[in-house]
Every structure is written in C-alpha cells, then in structure tokens.
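In this document, chain identifiers A, B, C, D, E and F correspond to the written order of the chains, with residue numbering beginning at 1 in each.
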Amino acid sequence: MKTYSFIEKTVNALSGNHSGDYPSIPLHERRMPSAEIMNEIIELIRSALFPGYFGSPLVNEVSLTYHNGVEIEKIYNLLFQQIYDSLFYHNRSANADSEQIRKEARRLAQQFIERLPEIKKMLSTDVKAIFDSDPAAKSYGEVIFCYPAARAITNYRIAHELYKLQIPLLPRIITELAHGQTGIDIHPGAQIGRYFSIDHGTGVVIGETTIIGEHVTLYQGVTLGAKNITLNLDADGQHLNTPRHPILEDNVTVYSNSSILGRITIGHGTIIGGNIWLTYSVPPNSRILQTRAVSLDLTDGAGI
Amino acid sequence: MKTYSFIEKTVNALSGNHSGDYPSIPLHERRMPSAEIMNEIIELIRSALFPGYFGSPLVNEVSLTYHNGVEIEKIYNLLFQQIYDSLFYHNRSANADSEQIRKEARRLAQQFIERLPEIKKMLSTDVKAIFDSDPAAKSYGEVIFCYPAARAITNYRIAHELYKLQIPLLPRIITELAHGQTGIDIHPGAQIGRYFSIDHGTGVVIGETTIIGEHVTLYQGVTLGAKNITLNLDADGQHLNTPRHPILEDNVTVYSNSSILGRITIGHGTIIGGNIWLTYSVPPNSRILQTRAVSLDLTDGAGI
Amino acid sequence: MKTYSFIEKTVNALSGNHSGDYPSIPLHERRMPSAEIMNEIIELIRSALFPGYFGSPLVNEVSLTYHNGVEIEKIYNLLFQQIYDSLFYHNRSANADSEQIRKEARRLAQQFIERLPEIKKMLSTDVKAIFDSDPAAKSYGEVIFCYPAARAITNYRIAHELYKLQIPLLPRIITELAHGQTGIDIHPGAQIGRYFSIDHGTGVVIGETTIIGEHVTLYQGVTLGAKNITLNLDADGQHLNTPRHPILEDNVTVYSNSSILGRITIGHGTIIGGNIWLTYSVPPNSRILQTRAVSLDLTDGAGI
Amino acid sequence: MKTYSFIEKTVNALSGNHSGDYPSIPLHERRMPSAEIMNEIIELIRSALFPGYFGSPLVNEVSLTYHNGVEIEKIYNLLFQQIYDSLFYHNRSANADSEQIRKEARRLAQQFIERLPEIKKMLSTDVKAIFDSDPAAKSYGEVIFCYPAARAITNYRIAHELYKLQIPLLPRIITELAHGQTGIDIHPGAQIGRYFSIDHGTGVVIGETTIIGEHVTLYQGVTLGAKNITLNLDADGQHLNTPRHPILEDNVTVYSNSSILGRITIGHGTIIGGNIWLTYSVPPNSRILQTRAVSLDLTDGAGI
Amino acid sequence: MKTYSFIEKTVNALSGNHSGDYPSIPLHERRMPSAEIMNEIIELIRSALFPGYFGSPLVNEVSLTYHNGVEIEKIYNLLFQQIYDSLFYHNRSANADSEQIRKEARRLAQQFIERLPEIKKMLSTDVKAIFDSDPAAKSYGEVIFCYPAARAITNYRIAHELYKLQIPLLPRIITELAHGQTGIDIHPGAQIGRYFSIDHGTGVVIGETTIIGEHVTLYQGVTLGAKNITLNLDADGQHLNTPRHPILEDNVTVYSNSSILGRITIGHGTIIGGNIWLTYSVPPNSRILQTRAVSLDLTDGAGI
Amino acid sequence: MKTYSFIEKTVNALSGNHSGDYPSIPLHERRMPSAEIMNEIIELIRSALFPGYFGSPLVNEVSLTYHNGVEIEKIYNLLFQQIYDSLFYHNRSANADSEQIRKEARRLAQQFIERLPEIKKMLSTDVKAIFDSDPAAKSYGEVIFCYPAARAITNYRIAHELYKLQIPLLPRIITELAHGQTGIDIHPGAQIGRYFSIDHGTGVVIGETTIIGEHVTLYQGVTLGAKNITLNLDADGQHLNTPRHPILEDNVTVYSNSSILGRITIGHGTIIGGNIWLTYSVPPNSRILQTRAVSLDLTDGAGI
C-alpha cells in the first residue's frame, strides 16, 4: 500500500485546483460533444453524398434509396444528440431548460438535413474543378475517393451549413477532423463559391472571415489569414468577430506556400506565384511573383 | 410518421440525379477498392520489410520465416482482390470478362510480391540516408520506427511498383495514406533513386513526373511541382501525362519550404536554401538562397 | 502447391539478409515499445489533465477523484512496461539485467507521474495563450477540445518530461503521434517557456536544441531549425547533440512559413513576418519582413 | 436493376403487415432496452462486487475506491437510461410524460445502487456454499472466477433487486444472459435465501414464484417448475401471476435432473435423489429416490 | 535460437501427417464457410423479421422499408458467398466449375430470400404459442426479445429452409449457433408445424427426421431422438438418412427431461409427464407419467 | 454534488469489508489469469490442431508450416504469461520469488507445447468416433467444424494436459469455456481414453476422478458424478481429492439424461438406457433400462 502513495498524492493534486498563479480551467460537468461521433456522422454524410465511394461498397439504383434512408435517419438521430450537447455547452452558465433545448436541437438537425441536396450540388462542382486542374486525375471517382482536397472541402461545406445555423463547437470539430487527416485547415465561417479546388493541400489555412469567389484554385501551404491580431472583446468578454481575412474574387489562383493576409481584395483572374507574402489588395488579372532568388557560393556569410 | 417527412424528402432528393446545371457524378455499381484493406496490406508489407519493428513485437531468427510466410500469403490474397476491384473500376465502361480479369489480377499480385526483396534493399538505403542526415537519430531502428519520412518513402516505394505494373487507383491510395499520416505527398509515378532522405517532411510535395537521383535530401515544405497547368486531353478525353516536374540530379539538397517548379534540371551537388521559388534550371554544385529579408519598424505601410 | 512457389521464394529472400551492397538492418529480437500503447497512455494523460474534455464524457467534482485515480494507476502500469521495453532497446548490446532494468523502469515511471501536476500548470498557460491569440476562439474549453496546437503542445510537454528523464524512444514516439495528427513537429528536447501558442500549426518544426521563452507565438509552417548539418560522432559512433537551433526570447511572434535557422538569438519582443528565411541573430523588438513581391505580366520569362 | 426485383419484392412483403391469418407483431417505435448494454452493466457490477476477479486485473487497497467509484458512476448512468427505455416499453400505449419517466428512472437507478452492498453480502454466502459443496474447489477465488453457478446466482441476485423495484424487462434480460452463458435459468421473481449453491448447473430451471430457504443445494438439470399451466388473465388481458412453483425449506438438497413441480412444500433437511418427478409435498428430513432400474438383455421388446 | 528448438520440433510434427495408427484428418485447402459471418447473417435476418427488437433500435413506419432494404441486400450478398463456399466444400473431390457454382449459389440465395416472408408468418405463430404457454410473459415483444425459445426456433426455421434447398453445412452451423446460445438443439432437417413452443429449453434435442404437428409444446431437457444407431452406409460410404425419430401429432405436450425415442407416433392431444423414457407409440389423448418415486431413510444401501 | 452522495456512500460501503456476519472475500492484489486470453490461446490451439477449419480460412501444404509456426510461438508466449499469473495465484500467501516462478512458467509452457502432437492424435480418434456414431454426419470436417462435442472434447484434452502439469486454475478455465459454449462440463482431471464420443451433449457432466475407457459414447444430459459429498479437508484446510466418480470400461454407451454416481464400475460393453439413476456397479455387457412408465387418465391425483 505504501508503494502507491505517490499515486494518491498525484491524484489529489490533479483533482484539486492549482493555485491562483496559473489560469484555471473550469470543470465542464455536462457531456461534451463527441469527436468520435462527429466523425461517424461525417462519414455517414460522405456515404449519402457520394454513394458507392464511401460507406457500403455495393450500391445500385434499386438499393440506393434504402442506403440513403438508413443513413439520413441515422445522421439525424446522431446529429440531434450532438447539437443538444453543444447547445448545453454554449449555454452552460444560463438556466437551460432541457426540454426547450431538446426541441431546438431537433429543429436545427432537421434544417441541416434539408440542406444536404444543396451541399451535394456544390460538391459536384468542386469535384469537377479538382479533376480539371490535375493532369494526373483519371476520373471524378478517383478525385472523390483519393484526393484530400475533396475530403477537406466536403467537411468544410458540411461545417459551413452548421455554422450558418449558429451551432456552437460542432462546425469547428468537423473542419479539424479534416485538418488532422489532410493538413488543410478551412475555418467553417469562410464563404467559398462553387468550383473550388485545392491541389495537394497540406498547410493550406483559410480564415474565418475569408470570402472566396467561384473557380478559385489554391495550392499547398497557402495561407488566407489575418494581418494582425488586435483582440476586440464584446461586453460579455467574448471575442468580436470582425472581417480580417482576404477576399478572393472569381478565377483567382494562388501557388504554393504564399500568405495573403488581412482584409484585402484579390481581383478576379489574378494569379499569385508561390512563396509570396502579400498584405495589400491587387487589381483584377494581376500576376504576382517572388523576387528572383540569388545564387551564391559557399563562402557567403549567410551560409546554409 | 408525419414528423419524418423531411427525411423522406431528403432521401428522394439525394437518390435522384440533380438537375443538369451541376456536374453529374456517376453511380459506380461495382465494389471500389477499399482504403481500409489497402492500409492493412501496407501494414503487412511494413511488417515483412522491417520485422520486429512493425507487426508482431516478438520475432527471432527461427520465427522470422513463419511470420514472413503468413504475411506474404495474406498480402497476396488481399492484394489480388484489391487489384481485381481496381481493374474493374478502370474498365467499367467495357464489357469486362470477370474470369480474365481475375487471372490478370493474380498475375499482377504475384509480380508485385516478387519485387518485395528489391523494395527492401532500396529502403535500407533510405533508412541509412535519413539516419545520416539527422544528428538527433540514435539508431536505424529509431528511424524505421519513429520517422515519418521512413513511413512515407516506404509507402512510395511500394506504390511505385504497383504504378509500374499500371494498376489503377491503388498506388494513389497508398501514397495518400502516407500523405494523411505524415503530410508528405509523393506521387507514385515519381522516379526516386537510392539513399533518399526527407527531414520532418510535413508539406513536401513531389509530382508525378519528377526524377530524383541518389543521395538527395529534402526538408519540410519542399514542392517539386509543375510550373503551369495546361491540360492536354487525349482522344478519349483522358488527361495526357507529359513531363512537367523537375529533375534533381545526385547529391542535391533542398531546404524547407522551397518550391521547384517545371521540367527543369537541378544539377548534381546543388544546395537550395529555404523559402525559394525556383522555375529555371541550375548547373551542378550551385548554391541558391533567398534575398536577404529586411528589417522594418512598425510604422511601415505593409504592417504585420 | 507449385503455384505458390513464388511465395516461398519471396519469403526466403526476405528472411535472409540481403547482400553486402546494401545497408543491413539488424533484427531486434526483443519487444519494441508500442506506438499503440503509447497513444493509449497519452490519451489517458490527456483525460487526467483535462477532465470532462477527454476520456469519460461525464465527470463531476465527486467523481473526479475516482476517474483520476483509475487513470493515474493505469498510466503508471502501462508506462512502466513501455519504459522497460525502451530501456532494453537502448541497452540491447549490453548484458542487461532484467530485474535491475525493471526496477529502474518503475522508478522512472513514478518520477514521471509525480510531474503531472506541474505539466497541468504549464498547459493551463498555453491554453490561455492560444485562446488570447485567436479572435475566433469562444472558450478555454473549445481550445482544449478542438485546437490542434493544444494537442501538440500537450504531447510535447509530456514528452519533454520523459526526455529529461533520459528515457529512450518514448519521447519521440509521443511527439510523432502529435506530428501525425496535427502536422506540428516539436522535438521533445526543445525547451519551451510558459504561455506558448501556435496558430493553425501545420508544418511547424521545432528542433531539438531550440530554446523558447515565455509568451511566444508561432504560426503555421514556421521552422526553428539547424543551419547546416555537420555530423559529429562520439567515440561510440553516436551522433553528438550540439546546440544548433535558435533561441527565441520572451514575447517573440513568428508569422507563417518562416524559417529561422541555426544557433542564433531572436531578441525579446521581436516580430518576424511570414515566408522569411532567417539565419542571423536579431536584436530585441525587431520587425523582420520579406522584401516586397513584384507584379509582372504574363510575358515574363519566369512564368508561373 | 431487373436482377434485384426479388429484393424489392421481399422488402415490400416484409415491410407491410402479413394477412390476418397470422398473429400480428406490433412495431415498437421507441428504443428497446439493449441486451448489449445490460451485459456491460452486469459486468461492471461483477467488477464492483468482486474486485480483482473481474474488471481491472490489478486492484489494491488504495485503488479499490477509485475503481469502485468509476464503476458505480458508470453503472448508474447506463442503468438509468435502460430503466428509462424499459419504462417506456411498459407504458407504450399510455400518454407517457417523458420528463416524469426520466425522473422515475433516476429514482429507481439510485435505489438499485444503494442495494449493492447488501447484494455483495448475500453473494459472499453463496460463494462459501458453492465452495463448501465441491471437493474439487481450491479457493473462494476459483469459485468466483470459474464457476458458472457463481455467475448465474450473481445475475439472479442483481435481477431480483430490479424485479422488486417493478422494473419491466431488464430483470429477465439479466437472468437470460446468465442462462445463455451457464444453462442455469433462474426467474428473477424467485425468492432465494442465503448460502445458495448449484453444482455444474446446466439445465437448472427455477420458476417465478419459487421460494427457497437457506443452505439449499441444487444439481444440474433440476427443475423447480409449475405443475400445469392454466392461464389466468386479468381485466387488462395480462397474465395473472399466481403462486405455482415449489417451496424448498432450509437445508434441502436436490440431485441431478429431478423435477419438482407445483405449489408444494419440500420440508427442511430433505434430500431428493436424481431423475425424480415429484408433484406432492414431502415432510422435513425426507429421502426421495427413484425406483431401482432394471437390467434387461438385448432381446427385450422395449429395446434401446 | 537454440531455446526455440522445441517450437520448430512441434511445428514440424503438427505440419506433417501423423502415423497411420490414427485417423487422418484431410487438409481442406479451400475456404470453409465462416461461423462468424453466418452469425452476422442470422442477426441481420432476425432484424428483418422482428424490426425494432433486433438491429437498429429505432425504426418507424417510414424507415422500416429503408432498414429492410439494406438488410435484405446485405443478407443476399453475404449468404451468396457462404453458399458458394459450402457448395465447394461439398464438391471438393469433383472437378468443380467455379463459374457454374457461383451461378448456382446466386440462385439458391435468391430462393432463400424469397422465403423470408413465409418464415416471418410461421414465427409469428410460434411467438403467440410461447406467449400463451407462459404466465410470466408480459407481451409478444418480451417473448421475441428475451426468450431463448424464440431465438432457437427462429434459427431452426431459417436453417430448415436452407436444408430444403439442399445446401450443405450452413443449416447445421445455424442451428448450432442457437444450440450454443440456448442449449436447444433442433436439427435443421426436423419438420415442425405452426404454433410451436418450447419452455426454458436447455437440453432439448430434436432429431433430423422428427415430425412435429401444430400447437406442440416441449419443456426443458426433452429429447426426441433415435432409439438405436445402426449405421447404414450408401454406395459412396455416406450415411443413409432413414426415418428414425418420433412423430408428434398436433397438440402434444412433453414435460421436462423426458426422452421419446425411435420412429414412434405420439397421438394428438397426448400429454407426457417429465423424466419419462418412452420408446413405443401411444394413441391420441394419452397421459404418460413416471412411476411414483419412493421415500427411503438414510440407511438404505443405495444411499445418495 | 449533493445528488451524488448515494454514489459516494455505496462506493465506501463496497470498498470496505462488510461485517463479520458474512464470509469475507479476500482481495487478490496480483493479476488473475485472464479468461479472454485463455480463450484466445484455445482458439489458437484449435487452429494449430485443425488447420483450415479454424483460424486462417486459407491454408495449403506450403503455408501450413508458416501458420503453425506463428500460432505455436504465440501460444507459447501467451501461455507462459498465464501460467505465471496462475502460479502466483496459487502461491499468494508464500514469499514467491518472481524470477523462479517465471522460469518455472517457461518450463511448463514448453512441456505443454511439446504435448500438442499427441493431443492432435487423440483428437483424431474422437473425431472419427463422433462421425461414426451420427448418421447425420457427412464428413470429418463437418464434425470438427460444427459439432459441440468436438469443441468440448478438444478443450478437455488440452486442459487435461495442463492439469497433469499441476498448473492451477487454467485447466478449469478452459473446460468452463467449453461448458459455457456447449453445455458439456468435463472436469480437466477426468481420464478419458481414445475414440470418445458425445452426442448433442447439453447437460453432460463428467467429474474429476472419472475414468473412461476407449470407444465410450455418452448422450446429452448424462452425469458421471459423485454419490455423496463428504468433505475431507487436509492439514492445510484444502479439500482432499479422493476417487468418487465412476469408472466406465471400454465400449460403454450411456443414453440421455442418465446419472451414474459414485466410485462404481460399469463393465465393458455395457449399454445404459436413458433417464437412469445408477449408484451400483454393473458387470460387463449389461443392459440397464428404466422401469416402464404408466399411462394414466387426467383424474389421477398426481396430476401433471
């Protein structure tokens, strides 16, 4: 028994609150939404949107309705519970009426379900755009099945609908699932038009107030970010969400590892080269390139 | 029952085809290859190539043959089925003869199995190269077990053999598995010589027609990409696969976040610094560095 | 039977050692530490550090002690076994006395457990720093639950304690788990002060001998790396671990995709813009920006 | 599509109601209690009652409280949900008020939890009785860990408490779990005193209104059943539950494969031999044996 | 290596064939049907036959068709493969044409699917009979959900249809699944009429050529078996399947642990008491009871 | 917090020891053997003994050695650990030297492995006997794959070897696994000759000191038990294990539900009918039948 006293000591230290010198993390005593179940929901939606490519490997025209029916019912039931938990998370200091929140959660889950056919339409344009921009692609099916961009944009378009319904936490969980799987980090608040394409994608970051037109293509490592971070708090101590990310008009292409920062506008038809740090607006049809690199011999002081 | 009418409505909308304004995704009525099973196959191959590090944690000289035997047999049986499904995917518009495709799938699976000893040899040079380039590495075993580069290059070398056998879909699934796990995106079509090393690796992109010599080292965020994307379609409406990515000769090193684009040649022994955007060929033994950054005070218009 | 001769042939080729032209990977005949169990340990620690957010979804002030107790006991038992296996890996050429290594492993596991309350304190400062730097964040809970930076820094702070106890392999396994999940690659040997924050994070690399002060913020794609790699081997043929990564003093911010390389010092209060390649020390309160990009029309020879 | 018409036809036939010639099984549109979760609850209770033998394989005096705490909290939360679903099942024709049923379910789950220490006491007497009656038993621990009787009686004592709380369905699910695992079928309504022992047990049946005293031992295949089945229905068409199974007073032993049927009384201290069919009461301290079997030669007409 | 020589020795001994003194078990080199997948199929059928009680816990009149559709398609696909493997098992000495066997397997699977609505009708009569015979039963739903007899008879009725289609192995696998779970062993070849009921059921055995009328009830431990076993082999050395088990006419009841053996006829309306050994036919409406047991004191030589 | 006080109260009551009125179950603070792992070991042994029928569904003459090799190595490693834990269980009051027990466990695991070929031979005779006694059997393979008797006898023969090595607990765990799955309860201490067959099997009980010759057949519900239970304790308070179960000589058959009790001898060639209660020895070639049952009308006082 004596040998385990360090366990007791550690348990007691962890169970109490540490002293005031450090920030205090409040104990959330209700159930959090579950990242595992959100993942299950997303995979069910992926099956319903792209039958034959995800979910059951065998679907035909007869059984498609059966599969969609089971999936949509399951999505609705699971999502209702997750929305319920997330609404409680949001309202945790208030006197929440569980029956009313339950009703609100059902309403929101239904509204989301009704948006699925529209999401499918939008995604069909993205699949075409990804296919058209990659000479290595062999078919729409390969894009849907293999391309991380298709996965990340699907998650984003789902999360964006939940974001528009002002559901807390869940949209971010959904885009972070894609971020972890693909390295593509699209904030659910971003507004992105049809025929959106990302190539390779690792390291892409698209901020919350970004606005992207149609037929826009991004390469790996592109940041559409905020120029600086002046925190504005509202009366409740919450962060204010002011426009701080770029606007990309239609038919813009941004090559790898470039950073476009601040509430600037990139005019339609513009092409931005790779490894660019851009903090000012540019007119339509611009071409922006990095200054040519220099060749050095090994004796240079900067060294490598 | 009435309360579920929105589910019926959504199911019907998803099961039908959306109107002609949007691209139509055809329903693939045969079984797709399975990413889960491809992952299982890859992990079995990893066990067979690096016994003791992956798969059974306990292997000795006596039991090594037993383990390899069970693994190779299982790889063959699983891979045959995946190749069969992928060949059907490829030929789906033709009148495929299932018995002939089955036979072809067996032949291709066998040919791949016979390449495994050669893959193991190649990978042993990569392990040595990764070890030699990282002062933090303690042993070959640590490189094999912990380093994402070892994982990504293993997947690539496996995928490349399947690519050479002209098997559709599977090579890309394999490299995307590594891409998702490591952030390293190597197209299975790239040709890469012995003693290949990547450090850290997140964000590395290597395009389909890239050619890399021996003893080449890349750092995180390096892109070996195409300069521009002019889609060339063949008579069947398929993308033409023309050389469009760089050639890196022997002993080239590229530091972090640089982009090397187009069918250019980087001469042997060249060192390319970080954050470079390079679109022209350079002679052997070159040193390429970014223009020196400038210091500014906060009143500068570009701001941060 | 004949049809399987290619399997026998491959098995025999793989079970033997390939010829001397290629590096030889020694067979490790003892049990390796397990990445799966290390992941389980890390998730248990995450539950103990952030109750209610990870692990059991329902915890209250009464049951917190019960949950912590079960978790800490389990962490101790699992970690002891992993340390034991890793010590054997390290000492594999020596005549290891299993009873003594077992005892040593128990001692090290206990020392780590005793550090958990301190790790929790440090992480509470990181959570606050991440929250404060992101206008999109709604609560500490959202940061803990959704933000990849919180995940990666947690893994790092755990791994760093094991690194300080000179336990082989396990620290690297832990940070690579986070690397795979978040694209953030922090070497367990790095020394990082309180209130450390990373935004988005994909592609961040922090090298082994890096020293970071308090209130430092990094954006995605930042490398804190070594300038060049001259391998120094000690008498046993082991890599020497000399200081080769940067020192960032307090209140430094580095924007996206910049690379800071070599044993240089970035003075306190400095802000470094994005896409910078920096290999020299800078004084306190500096502002470092990329040279302004140039606009070109499409006829430029560099093309895109 | 045509080839699947038999599937559509079967689906439609199954989804409709079959014609009136056959009994109609009503569709239960609410969630049924879950046999899987009831099994999980029972295994958690087994861990809490017999720590070290079930559940975590490592428990000591320090950690026992932690383990019990986590288990009891989990049992409470899971059981509440199952009771809630079972109450709805019971009240399905009435206008159930879900908030009130939820409250009732919480109250019942709490009452059950509070009975656990008493259940543990009762079971400790059963363990002793089983141990004492089997010369092959080596320790109480072996009885707890290996003996099907210990498993079946544990399930019964748990189910009996829920039965006394008038919770529908769940008690029967619990005893059927043991029935499936051990072949011992004890109705949760039976009343059984301390120091109850069953040997081997397969085929034992104990009916709903059976009353068993203390220190009673049964062997495999013993039935304590009803003599005949005259169905008595109450005003609601429900079966009436009249006493119809035997009363066994203290210190009764019944050997293998005997059937004791009807509301009869077996006086204390009685021993009943094997393969007996008994439908009348017997006084205390009786000895009941089968008529001696006869030896025959093979020419007998009854044959074998 | 030396320490493992006993493993090598054992492996070699097991891999070879033991000497001719012992029966030789031939190596079956094709895939056997899978008990796990047969179990999955049976549980899917249970869901399709008793929606809401098994499978998805939430089904309503709208979603019932969706669930049935997905289940029937899955049953068909899984069952086809199992039938295919079982046909190969049966024909293993012949020159089997795999394409023809595949076609035959599809035909048989379809025929079985088409019988499901009839199976459902039959089972609805069994559920009613079980409910009517047990005063402790509260609803049809409880019978379906909890009663082992409902489970065993369901498996039997499914297996019997496959038996009638002369599919090898699978029928027996199905009834053995129920046997293991309930202790009720009904041979798939038995012919059993509507409204069949078993109470408790452990130890019930019903032989291959048994014929049972309508409204028959059996209690636990009842054997309907063969009187003696004279093996008759056909020209191929296969067992001949001659009628050797009893015929029970309508409305027969058999109480616990009785054995009825041989091709005898139990006339309609007969009641047979418990613990009876019966090897001769009895006329309609008979009552058969065990000779009354005797009371003895402890000094009797037979003892207990 | 207050609402959970009943949980705290229950936890404290369960964690303490109940008062002296009830038997005290000691806390076993070391790891118990694991029924789950024992099950895994048994299934691995089943695969090694009957390749193609259990374990990998595809084995051929080439791969048989590989599969056996991996299985035997895994059996050895798992079994060693289980034996180690069981030896500690046995010696828990003594000052156990863990290094010596580890060595002893290795020795015993090796001795068991070396017995596997002999176990396989014995089982081949049992398979033949089961096949020969059932007209419904189609092949040895069907017996191995489907028949519960084959499963139960396999477990027994494995357990018996461990019993002979005087390993505590594990033999009983193994036979109880079969008991739960098949309803056949064979004590691992029983001695059973070649060509042993059980038909149907539910309810069969074979006691610890039973001795069974060759070519013996038992039917369901047969008990080979002890006549009375006079507990004899040795000096350490352990049960004495005196011969108390029957001896069945060669070629004995016992029909269903008969009980043969006490240290009596059933002479070779004897046939015992069903439902017999037998407590005296019988000479060779006897025929023992139940007294003929009587027919009664419903007015009889014994009723049904």
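Criterion: contacts are C-beta pairs under 8 Å (C-beta built on N, C-alpha and C of every residue); 3 or more make two chains touch, one makes a residue touch a chain.
Note that the coordinates shown come from a computational prediction; the quantities given were computed from them, not determined experimentally.
Note on connectivity: the fewest steps through touching chains from chain B to chain F is 1. Farthest from chain A in terms of Cα centroid separation is F. One simple way to say how far apart two chains are is to compare their mean CA positions; for chain D and chain F this gives 24 Å. Centre-to-centre separation between chain A and chain D, using Cα means, comes to 51 Å. Each chain gets a centre from the mean of its Cα atoms; for chain B and chain D, those two points are 57 Å apart. Shared interface positions of chain A, i.e. residues touching 2 or more other chains, are given as 4, 7-8, 11, 58, 60-61, 63, 65-66, 68-69, 73, 183, 202-203, 221, 255, 257, 273, 275, 289-291, 302, 304. Which chains touch which is summed up as A-B, A-C, A-D, A-E, B-C, B-E, B-F, C-D, C-F, D-E, D-F, E-F.
Put simply, chain E touches chain D in their complex at residues 48-53, 57-61, 64-65, 68-69, 72-73, 76, 110, 113-114, 116-117, 120-121, 124-125, 127-128, 132-138, 140-142, 144-148, 181-183, 200, 202-203, 219-221, 227-228, 255-257, 262, 273-275, 279-280, 289-291, 293-298, 300, 302, 304.
Listing the residues of chain F that touch chain C in their complex gives 1, 4-5, 7-8, 11, 60-63, 66, 99.
Note for the complex: chain B touches chain A at residues 4, 6-15, 18, 21-32, 34-35, 89-90, 168-169, 172-173, 176, 179-180, 183, 185, 187, 189, 202-203, 205, 208, 221, 223, 225-226, 229, 231-232, 238-242, 244, 255, 257-259, 261, 271, 273, 275-278, 282, 286-292, 302-304. Partner chain D is touched in their complex by these residues of chain C: 56, 58, 63, 65-70, 73-74, 77.
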